[in-house]
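Going by the order they are written in, the chains are A, B, C, D and E; count residues from 1 in each one.
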Amino acid sequence: MSYALAIDGISKSYGAVRAVSSLNLRIAPGERVALIGASGSGKSTLIRLASGLLTGDSGEVRVFGEAIQRSGKLTKDARKIRRRIGLIFQKFNLVNRMSVTSNVLVGALGRISELRGTFGFYCRADREAAYSALCQVGIEQHAHKRAEALSGGQQQRAAIARALVQRAKVIIADEPIASLDPKSAKRVMDILADLNKTQGITLLVSLHQVDYARAYFDRVVAMRGGEIVFDGPSSKLTPEFLTELYGASAEELILPGQAGPAETHQPMTRNDAPAELTRAH
Amino acid sequence: MSYALAIDGISKSYGAVRAVSSLNLRIAPGERVALIGASGSGKSTLIRLASGLLTGDSGEVRVFGEAIQRSGKLTKDARKIRRRIGLIFQKFNLVNRMSVTSNVLVGALGRISELRGTFGFYCRADREAAYSALCQVGIEQHAHKRAEALSGGQQQRAAIARALVQRAKVIIADEPIASLDPKSAKRVMDILADLNKTQGITLLVSLHQVDYARAYFDRVVAMRGGEIVFDGPSSKLTPEFLTELYGASAEELILPGQAGPAETHQPMTRNDAPAELTRAH
Amino acid sequence: EDIKQLNFGIISTESSAALSKSFEPMLKDLEKAVGVPVKAYFAQDYAGVIEGMRFKKVDLAWYGNKSAMEAVDRAGGEVFVQTTKKDGSKGYYSLLLVNKSRTDLNEVKDVLDCSKGLNFGNGDANSTSGNLVPSYYVFAINNVNPSNCYKNVAVSNHEGNALAVAMGQVDFATNNTESMDRLAQSRPDDFAKIKEIWRSPLIPSDPLVWRKDLPSDVKAKIHSFFLGYGRLGTPEEVSRAREILKTTSDGWGPFVASSDAQLYPIRQLELFKSKLKIQNDEKLSADEKKSKTAEIDGKLADLSKLMETTPNM
Amino acid sequence: MSTTNVTAVLPPPPVASVLSILVRTALLGLAVAVLVWAWYASEMDPAQLVRDSRNMAELGRDFFKPDFTEWEFYLKGMLETLAIAIWGTLLAVVFGIPFALLCSTNIAPAWITFPVRRMMDALRAINELVFALIFIAAVGLGPFAGVLALFVHTTGIIAKLFSEAVEAIDHGPVEGIRGTGATKLQEIVYGVIPQVLPLWIGFTLYRFESNVRSATVLGLVGGGGIGMTFNETMRSFQYEQAGAILVIVVITVSALDILSQRIRAKFI
Amino acid sequence: MSTTNVTAVLPPPPVASVLSILVRTALLGLAVAVLVWAWYASEMDPAQLVRDSRNMAELGRDFFKPDFTEWEFYLKGMLETLAIAIWGTLLAVVFGIPFALLCSTNIAPAWITFPVRRMMDALRAINELVFALIFIAAVGLGPFAGVLALFVHTTGIIAKLFSEAVEAIDHGPVEGIRGTGATKLQEIVYGVIPQVLPLWIGFTLYRFESNVRSATVLGLVGGGGIGMTFNETMRSFQYEQAGAILVIVVITVSALDILSQRIRAKFI
């Protein structure tokens, strides 16, 4: 069986900054993986590399066994492969001047015929899928507004709806709940978890909320300085490790004023050789 | 004594949507106020109204007794008054094509002579202030990069540094820690709390993390559908009220998988008449 | 008025590269004779030179007949000498051209037949030889209005018209002898496809015009320079000047004296033209037409009188 | 953690090498030298402008007594020109858009943008008269040759202006579309066009307006039009008539500009 | 909460009133009618183009034997034109920027933008020849009059193009600056200009290039230049020489375009 996502020795530098440095990561189909790490640790860069929106300086990315990029070049199939990846961006990347519905319908482009997609002749089923996705994230009443007229959280949910419409096999999301209130955040995470459970969709989601990572993901990958410094079950995420990861005291990290939940976890596992300790499948 | 921020009966509609509807809010100098509410409840609109970036359909906003807008029109002094308000935007609003330093130095414009500001002749003290603000938020090593080359969290911190350089008497921040990892978030909140304690700077900060609201703010204002539905000490924020506010079960809200901390708080206070219950000063 | 520099406007109808080079020696000699620097401007459009003269920014100019008329009328100019050709002739001819393959078109009356539905390539409204002369001598005299007579009247410059005839785009077109000489040299193939079916009376060669209000001592110096150039002085000087003239512009002989009277025939043509226009103007009532035509006829009569009393010699 | 009082030392700005400073100084010097040279070569003399400014008023006044007796003729000329400009511009836009995309470095690879840009440069650089002549050879004198000449020349301009707008877009939305597995064309349709549309509309109406004003080509092809009529009135010094034509052109251009604003407003 | 399976009903799109549908249909019909009218008015006949395309090739071929014997003269003409275009464009940019800002509906209020836009419309609409004549009256024949005429005309164009770029900016950064209490001018300097700079540079070099090519004005003022020389070669059917001049112009325009790209690349 091939991995849903297999990243081999990928690196990306911006001038002197090594945003991602010879990183390996394998995710099996149906896994739920959370990606955590301090601001600037390379999460977004990794996600852009994984989806072939950015080409690395070296290394390879395979999705269900097919390479999307190899040695700094996109493969011919990159576009086809991307259709299987539902992407949610940190900055939403909506088209401001289009309506929310049009933005969401774009998710169907990969599925429908090229000609119909190009001219925007979506069929009824596509429109229904778009509407149902908007309902799922709870912004159906804004369907006809321009994207730029939405509030921050509404925009983020529109971007999520676009990825839902895509019906991808893998969803890669970059801080999908950063701008959401607790209820909307929970709703979005529940949708993703449900997709995972009922349809076996693989999830790779970057997060800052360690608690969400614990609650919704069985596996957590932590990055620092472009490298993976922890890769294991979320139950092994101890306050001590988090202290090391972020460099502050553990109680402060999880949430100010409540050190409680951390105590229930097992002792910290610090992992400096992430490749070897990657969960076997 | 005049209020640091006094909002009287302000309303703003977008077509049929009443984003903010005849809202009253008074904040005394030196207060720390958190603004919470579901996505789309009108937090950003309120913040833009308070800073005079958006004119309401009616109502008045006064900063330290001076009106910045009145009955849908900016006053003549709006620009001068804005200098006293440090603003942090939900979407950062940095100038992508300028360097981080230039973006942060812009915070000094209100302070220095118009001519010098227009031509960008900042003096050494301004540059030092900018650098020190970058250090405070922890992105001094990115000072010479273009703003768009930063990661999401780094951009957010650059925007915060800009507000710090402004040395405002009031800081109004729209989800300043949404894209930040726990450590950076804590660091930013600590800076703000410190400014409040040592310099008496008034804070109005919108947040989605109820726990941060509890830990850092003495007063919480909750919005729903453009109106204030709670205004009181953060200790009174009970799970029951939050359930009502967001419409989901309380445990789910605070954080999935940990209902613990909520139990230590006092019983819920639901407030449907915010104007009367506004804390007296 | 103190003249520190003579501004010489030259309407450049041909290669200004060659033209400016060819004028250089003569202008040098002029400079010596007048004692102030001479600055030449080669403009393609006479409007600028004429307006320049009106506002005393141009002191001296070489114009075509029509533009000289404008300079005299609106810019305080005065004709003082006339150029001649190398061979001594004092002018050129306007032509009608057809394609050699058109055996049915051989003389003027062939193209005056309005029933044929011919396509006519006319010259620019302000071209003397391309428009004015044929309008009078071909159309006005024969009582033909081209815009009613032909299937299509296209307007172009000389070259465009010649090419249109060669390519068969129009059935006949106007032109002049000078343009045809150039065409024969540069595009003999096209030239060979064209035949001439009509030639106008002589059109006087171009005049030099000065600003009437130039100081009289300057005027005197200029006048004597041009008239004496290639005529007065030692035999060496004369032959040198003649050599220079031969290579100036498209080859000149010595200048001959002239005056505003040179323009009388041109003015006549213009008046005839406006008369024609009034007659064809459907917006005018019969009475208006009559009074306006009478006015023009009066002017024409005055002109004829002038031509008798003060002819241009 | 309390706010640390950082010793306020400016981080050293990225070091500019001696070479790059030298190069910059040299470039600056060159720019100044070119400006000075051009000043003298153009015989600039602002003092004279002030000294004889009364002349300008005198000449300008001639145009301010517009004579509209021939207004029907002018209007006819305006309509002729509009007809030619409409098709010349429309064709240019239709053909210019694909070329513009092929010229944009953020859409096409360098080995395509380079030759296509040079081709577009040539279309602009080669005088409209040449194209007019070439088309006269094929279709004869008349407005059609004018349409074709305007079309070819305008294509070069549209391609350049459009492509520079494309190069200045925000890449986020395009990546958003790309991430769904959309084809290149779909990326353009959904990610690029919505962003550049207001600018493209503005450019198109600007070029349309220029084509309406353009007289040279139409003078050559014998296509008639307001520009030619204007040139004729100028040549015969009928400034009153010229003034009247200018009034018509100014009104047309203003109308187009207002139209342009209203259309763009829908897309901004 | 599990994902609800919403009955997939499309929300009714904002209702278009019967009136607005009627208006839209009418506008569409009008547009088609105008296109059809313009088609016949321009005597469009694509078939003829194909039929006689051999003529085009024949005529075009004449230009492909460039004759460079006079190259020094052409180069001199090119330099003259460059000098005039440099100052004409530079002045237009300097004066055009403030006007562009006053034309931008997102910067100035309507009671300012409207009259200023109409003024700029007039600068574009009034033929360059008129300005050239007016300046000749003040400063006499020569390149300076050409500079002034180009300057005035180009100002109208620059103001329009620049202001449309300004109207298409992202407002976020501007609000970011405004929030600090910056003055209007500072908002423009820090919020607007960085966003539009790449486009502005492109427009400036495009207009510079157009001014280099512009011959009409220079023909009138007797300022010389390559455009005039080109017209002359065309009039005397010296297509080989014309071809040589075109080669020089194409190279210059390409060089300017490449320069434009390199400068813009620094700001994109």
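Operating definition for what follows: contacts are C-beta pairs under 8 Å (C-beta built on N, C-alpha and C of every residue); 3 or more make two chains touch, one makes a residue touch a chain.
Model, not experiment: these values are computed from the prediction.
Listed here as common contacts of chain C and chain D: E. Copies chain A and chain B of the same sequence differ in orientation by 180 degrees, per CA superposition (steps of 5). Inter-chain spacing, taken between the CA centroids of chain A and chain D, is 44 Å.
A straight line joining the Cα centres of chain A and chain C is 81 Å long. If each chain is reduced to the centroid of its CA atoms, chain D and chain E end up 2 Å from each other.
Looking at chain D, one finds that residues 1, 52, 55, 58-59, 133, 137, 140, 142, 234, 268 touch two or more other chains. Shown for chain C are the residues in touch with two or more other chains, namely 45, 47, 51, 55, 157, 163, 167. Chain contacts: chain A has residues 91, 186, 248 touching two or more partner chains.
Across the interface of their complex, chain D is touched by residues 51, 53, 79-85, 87, 89, 91-98, 102, 106-107, 109-110, 114, 117-118, 120, 159, 162, 166, 248 of chain A.
Chain D makes touch with chain A in their complex at residues 1, 172-173, 175-183, 185-186, 189-191, 194-195, 197, 267-268.
Chain B contributes residues 14, 36-41, 43-45, 90-91, 139, 149-154, 156-157, 175, 178-186, 189, 208-212, 214-216, 242, 246-248, 252-258, 260-261 to its touches with chain A in the complex.
Those residues of chain D that touch chain C in the shared complex are 52, 55, 58-59, 133, 136-137, 140-142, 219-222, 224, 228, 232, 234-237.
The residues of chain E lying in touch with chain D in their complex are 34-35, 37-39, 41-45, 48-49, 51-53, 55-56, 58-60, 63, 79-80, 82-84, 86-87, 90, 105, 117-118, 121-122, 124-127, 129-130, 133-135, 137-140, 142-144, 146-148, 157, 160-161, 164-165, 167-168, 170, 198-199, 202-203, 206, 209-210, 213, 215-216, 227, 230-231, 234, 242, 246, 249-250, 252-254, 257, 261, 264-265, 268.
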